[in-house]
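Naming follows writing order (A, B, C and D), and every chain is counted from residue 1.
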Amino acid sequence: MIRFENDYGEGAHPAVLNALIKSNTEQTPGYGVDAYCDRARATIRKLCEREDIDVHFLVGGTQTNTIAICAALRPHQGVIAATTGHIAVHESGAIEATGHKVLTLPSKDGKITADQVAALVKAHREDVTCEHTVQPAMVYISQPTENGTVYTLSELDALWHRCQALGLFLYVDGARLGYALTAPAADMSLPALSARCDAFYIGGTKMGALFGEALVIANSEMKKDFRYILKQHGGMLAKGRLLGVQFDALLCDGLYFEIGARANAQAQRLRAALEALGIPLRYDSPTNQQFPILPDTVLQKLSEKYAFSFWERIDDSHAAVRFCISWATEDANIDALIEDLRRWMSPTAQEPF
Amino acid sequence: MIRFENDYGEGAHPAVLNALIKSNTEQTPGYGVDAYCDRARATIRKLCEREDIDVHFLVGGTQTNTIAICAALRPHQGVIAATTGHIAVHESGAIEATGHKVLTLPSKDGKITADQVAALVKAHREDVTCEHTVQPAMVYISQPTENGTVYTLSELDALWHRCQALGLFLYVDGARLGYALTAPAADMSLPALSARCDAFYIGGTKMGALFGEALVIANSEMKKDFRYILKQHGGMLAKGRLLGVQFDALLCDGLYFEIGARANAQAQRLRAALEALGIPLRYDSPTNQQFPILPDTVLQKLSEKYAFSFWERIDDSHAAVRFCISWATEDANIDALIEDLRRWMSPTAQEPF
Amino acid sequence: MIRFENDYGEGAHPAVLNALIKSNTEQTPGYGVDAYCDRARATIRKLCEREDIDVHFLVGGTQTNTIAICAALRPHQGVIAATTGHIAVHESGAIEATGHKVLTLPSKDGKITADQVAALVKAHREDVTCEHTVQPAMVYISQPTENGTVYTLSELDALWHRCQALGLFLYVDGARLGYALTAPAADMSLPALSARCDAFYIGGTKMGALFGEALVIANSEMKKDFRYILKQHGGMLAKGRLLGVQFDALLCDGLYFEIGARANAQAQRLRAALEALGIPLRYDSPTNQQFPILPDTVLQKLSEKYAFSFWERIDDSHAAVRFCISWATEDANIDALIEDLRRWMSPTAQEPF
Amino acid sequence: MIRFENDYGEGAHPAVLNALIKSNTEQTPGYGVDAYCDRARATIRKLCEREDIDVHFLVGGTQTNTIAICAALRPHQGVIAATTGHIAVHESGAIEATGHKVLTLPSKDGKITADQVAALVKAHREDVTCEHTVQPAMVYISQPTENGTVYTLSELDALWHRCQALGLFLYVDGARLGYALTAPAADMSLPALSARCDAFYIGGTKMGALFGEALVIANSEMKKDFRYILKQHGGMLAKGRLLGVQFDALLCDGLYFEIGARANAQAQRLRAALEALGIPLRYDSPTNQQFPILPDTVLQKLSEKYAFSFWERIDDSHAAVRFCISWATEDANIDALIEDLRRWMSPTAQEPF
C-alpha cells in the first residue's frame, strides 16, 4: 500500500531524527526551559524578525489551537472560523469543551474574508440584545487552509486591519505553514505573517518533525500566564527539550522551507498530470494537498493500491478525494500514481460529469 | 551540573530510540490505529493477563489523568485523592478545568486508605441535602505515590473492594509504575493490578520512553467512546505509531522492568548511604525517588554541583529535598553525591534536628 | 407605549399571584421538596398520564435547557438543533459553556425533520474517523418553535421513532408549550407529548407565571442524580415552593390552557387583519407570535407607539418584526394596532415587495 | 412543626409582596433594563455612596457566586476561600463546573485572615514551577460567614489592602448581608463595604424577598460584558423587573435593615437563653443563626416539634445544630423553643461534655 492519505504517515526527517539521537543522553531541565528550546526560540524570533514574540512548543495541532484560543477568550466570547475550519469540524468539539462557541462563516475554498468578519461583528454589535448571543472576539484562519488554498498577503492584511479595527484577535493555524510559505504563488514570509496576527503556529508534525508545533504569540495580552494554561491542558511536555531539538533542526538552516518547497513541487507535478487527464480539482491548491474529483469506478481501483482520504461526495458517481505529499514522499510513488490514473481514467475520463 | 531533579531529564533508553530509528521511514496510518500500536496493545494484554482491557496511548501524565477522569465522571461528580495527589496539586487545576472537583483526603505519606474513602462517601450519602455537595464517584491513587511510597497488594485490594461495594471507579496513576512493580518490597504484579482497578496507566515518560503513557481501561463504561474524548482533549497523537513503537520496545522483552529494578537498586544504595550518615528521610520510599532532610548549609553546597527538587521546609534550618534516579543515571554520579554528602555532612549531621 | 415585544412584559396572572399571596406566610422546607411542589408534580403526572416521570421546577428557560442538556450528555457529545433554535442563537453560548457543541440543521420555519436528523447521524457514523467530530447524541426542538410554528403529532412521532432507533435523546423546549397545545390546528396533547420524548418542559414564564419552568423527565438515564446538576448550575430555587404554588395554580384547573387559547385567539385575530391588509407573514404561525413583513416607513411610525421586536431584514425597505400576545394582552390594544396598521398601510401596502 | 431550619422558609415580607402586587399588570421591558431595576440601582448606589458601581440583579446565591467568580477569573486561576465557605462545600461544585479550583484555607469560625491569604500567595509565587499549580486570583469571604460570625471593619480592611497589594480580587458573599450590617457588634456600613472589595452582593432571598440578590461590582475589569455572562449562566431573569421591584421595596425606606435588626435581636434573645441554660455554642454568632451544642437525647425530642439543621457531630452524645431566625419568625415560637429547652435540658445539662 502506497500512502497518500496524510502528511504524517512517516516518522521524522533524517536531520530531525539525527538531532534527537545526538542529544539523547544529555541531561536538561524539563518542561521547555532548557537550552535547546531557548535556541529554537531565538531562531524563530530571528526568522520572524520580531524580538518581542513569545514562543511555546506544543505536541499537536488540536492541543495548540485549543490552548491558544481558550487562553485568549473570556467565557462569553466565541471564535469566528470558516465552516470548514479545523476547529469547527475536526477537533471533536475541543473548543466547545473549553466553553467557547465556534461562530462559522460560509466558505467555498476554506478561506474567509475581512468583509465577512466585519458583517458578522456588525450584526452582533447592532443587536440591542447582543448579550443574548455569543460575542465574537477572535478570528481563526488556517494557512494553508484545510483545502490546500493559501491566503495572499493582501487578504491577510485586510483581515488583520479589520480585526485590529474591531478589537478582535487574529489567530493563524499553521499546521502546514511551511507549504504555504513556499508555494509558488505565495507572497507571504514569516516576518510578514508575524506582523499581521496576534498568534500563529509553525507546524512541525506535518512538516518533518516526529511531532511538535511552535506557537508564536505576538499579542501581550495572550502572552500573560500562558504556561499555566499550557500545563492545565496537558500541553507541557515533560521532556520539553525534544521539541526544542526538533525545531532547531528544522529551522536553523532552512530545512523547514526545503521540505515545504519539495513537497509542493511534487504536488504540482501531480496536479499537472491530473489536469492533463481532464480530472477536475475540487480546490485550486498550490500546496501539498490535491483534491481531484474522480469516478467511483476509478476510486475503487485506486483504493486497492493507494491510501488516500475521502473528502466529499460530488454526485452519484463521483467523489472528491485528497492526496497528500509529505517530506518523505518518493518521486517513484507519484510516478506510479500518475501512471495508474492515466491507465484507469482513459475510458472513464470522457464520462459526462 | 549533575541532575537528580527528576526522572525525565534525558531522552529515551537506547533500545527505545533504536526502535524509533528503525521504523522511521515506514508509512503507517495515523492516530494509533497502526500495527505497532496493535502489537503493543497485545503485549500489554498478555502482560496483564486480561484480554478484555482496552489500551490507549497518550503523550503525557497530566493529559492521561485528565482525559481518563473526565471520560468517567458526570458533571456533578468528583474524584477522591490524597491532598498530595498529583491531580490535587501539580496539574494546574486540569481536573477542575473539565468541571470536576478533586475531593482531598489527608495523607502522611501519599497513600490513602479504604477506610478514609468509605468515611467520606458515607458522610456524603447520609447528608439529607447531599445534592448540595459534590458526589464522590472515583478514587485516584498513584502507584508509587508522589512521595515514592508503594501500596501493598492488600492495601490495593481493600481499596478495590470498597470502591466496588460503594460504586466508585478506582483509577491508578502509574506515571512511575515500573518502579513500584520492581521495588524490593513490592508484592504487586501487572495482572494483580489489572484485576483490582477500573483503569490505570503504564507510565513511559519517566521509565525510559521519549514520552508516552499507556492507559489500560478494564471498566466497560469507561471504554465507551473513549477515542472521542482522547481527541477532544488533544491527547490523540497524529503519528500515533511512535507510541506503539516505544511501548513495544519497553514491554516486549522485559526492558521496562529492568529499567525499574536498576533505578530502584541505585536509589536504595543512595538511601543506605543517607541512613548511614544519619540523614533522616521524609518518606520511607522503596522506589527511585528519595527524600532526605538536609541542613540548609549542606543544600546550599549541593545546589552548586547537583540539580534536585525542593520538597518541603521542615524547620528554620532544614528542608526535605528530592533526588530522582532515572534509567540513565550513572553509578559514578551516585558515588559522587554520596561522597559529597559524606564530606559536607560530617560536622553538620550532628546538629540537633 | 403599548408593548407587544414579548410575552413576559407583565407580572403573573391574577390567579397565580393570588396563590402566592395566600401561601406567603406558611413555613415550608426549601429547595423544592415541599408539599406545594409535590402537589404540582402530582398534577403534572396526571395531566401527562404518566406516573413514571420526574418533575423538576426551575426558574427560567435558558437555565432549564442548559441543565437538562448537560445532565444528559457525555463530554464528546453534541445536541442537534435548528439553526434558529433558541440554544443555537439566543442563549449566549450557554450550551457551549457546559462543554457541548450545538450541531445545527438548516430550517425554513424553525422546524427540523426526522430525515434531517437521520442524515446527520448517518454521515457521522459512516465517517471512519468519526471520533474527530462531535458525536450527535440528542435532538432539541421547540414546541412551538421560536417562529411560532408547531410540530404536528406525526412530525413529532417521526422524530421520536428516529431518535429511538438511532439512540438519541429527544428533548422538547416548551417555553411556550401552552400556545402549541391549544393552537387551533394543534393535534398534540400533554400525554401524546410525554410519550414521545425523553424530556420536555412546561413553560411558565411566558404563560402567566411570575417565573418558572416545569421540567418533565421521562428517560430514566436523565433522571439520575438530576438534583445535583440542578444545584450545581444555580437552578435550585431556595424558596422552591414558589414554583410549586405557581404551577399548581396554572395546572390544577386548566388555567394554563385557557391562557394559551385566549392568546392564540387574539393572535389569530391580528393575523387575519394583517392578511386582510395584504401584509405578508414571515412564518405561518398558529400561535401567539406573529411575524408580519412591513415597510420601514410603517415600522418607523409603529415604533413610536408600540414596542415590538425586530426579527429580520427582508430587503432594502422591508423588515420582518414580531408581535407577541401574552396572558395580559388587552383586546383594545390589538384593536388599536390593527387600526393603526390599516391607516398607515393604505398607501404603502401596494408597494412592490 | 415550627421551622428554624433556615431563613427562607416563608415567602416575602408583606411590603415586598405588596410592591409586586401593585406593579403586577404594568408592562415593562424584560431582562432587567426597566425603570424598577433602574430605581433600585440608583437606591443602591446612594446607600453605598458610590456612583461608579454596577448593579445586577440575580435570582439566587449559588448563581450569583458562580457568575461573579467565573466572570473575573482566567482559566488557570482559582479562588481562595475558607474550608467552610459556601462555594467550597455547599454549591455542588458550581465553581469547578466553570473550570476553577477553590483553594481552601483552614478556619475555626468561618473567617480567614489577610495573613493566611498572603502566605498562600507567597508560597505560590515563590515556587519556581508555579505554573504547575492553580494561580490564586481572588479571595472569597462571606459576611456574615456560614457560621454566623462577622468580619470587623479592620479585618476587612486588612484583607482588602492585602488583596490590592497582591493583585487579587476580593469578593464578598452577602447572602445574609443585612444581618451582618445590623449586628450589635457590627462596625461595618454599606459605604465602608463598598469601598473595600471588588464586588459583593446584597442578599434578598434570606432577608425578606421572595428571591433575589443584588450584585454590586466596583471593579471596572469585572464590570466588562457582565450581562453576557449573566445570560450565559441562566442568571438573567426574563421578568427582570420583579427583582427591581423587590429591592426597591427592601431598600428605599430602610426595610432591609429593620428586618436584619429584628432577626438579630430575636437571635440574641435565644442565645442569651441558651447561655443561661449552660448550653455551649459552637460559634460566637452575633447574627440570626445560632449554633448550640446539644445532647442527642434533647435533639431527639426537639426534632419532633421543631425543624432545624444538623451542623456537626461533636462527640458520641452531642451535636451542634443550627437555628435560623428569619424576617417572619414569631416571638412566640422563640418563646416556645426556649421553654422546651429549659424543660428538656434540666437533667441533661449537667452531663459532662
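In this section, a contact is a pair of C-beta atoms (placed from the backbone, for glycine too) under 8 Å apart; a residue touches a chain by one contact, two chains touch by 3 or more.
These numbers come from a predicted model, not from an experiment.
Undergrad: So which has more C-beta pairs touching, C-D or A-D?
TA: C-D
Undergrad: Relative to chain C, which chain has the most distant C-alpha mean position?
TA: Chain B.
Undergrad: From the C-alpha centre of chain A to that of chain C, how far is it in Å?
TA: Comparing mean C-alpha positions, chain C is 42 Å from chain A.
Undergrad: Roughly how far is chain A from chain D, going centre to centre by Cα mean, in whole Å?
TA: 50
Undergrad: When the C-alpha atoms of chain C and chain D are each averaged to a single point, how far apart are the two points in Å?
TA: Whole-Å distance between the two chain centres: 34.
Undergrad: What are the residues of chain D that contact at least two other chains?
TA: Expected reply: 75-76, 91-93, 97-99, 131-132, 228-229, 231-232, 236.
Undergrad: Which residues of chain C touch chain B in their complex?
TA: Chain C reaches chain B through residues 31, 70-71, 74-76, 98-99, 129, 131-132, 135, 225, 227-232, 236.
Undergrad: Name, in rising order, each residue of chain D that touches chain B in their complex.
TA: 75-76, 78, 89-93, 96-102, 131-134
Undergrad: Would you tell me which residues of chain D are touching chain C in their complex?
TA: Going through chain D, the ones touching chain C are 1-3, 5-6, 8-12, 14, 17, 20-21, 23-30, 59-63, 66-67, 91-94, 97-98, 205-206, 210-211, 228-229, 231-239, 242, 307, 328.
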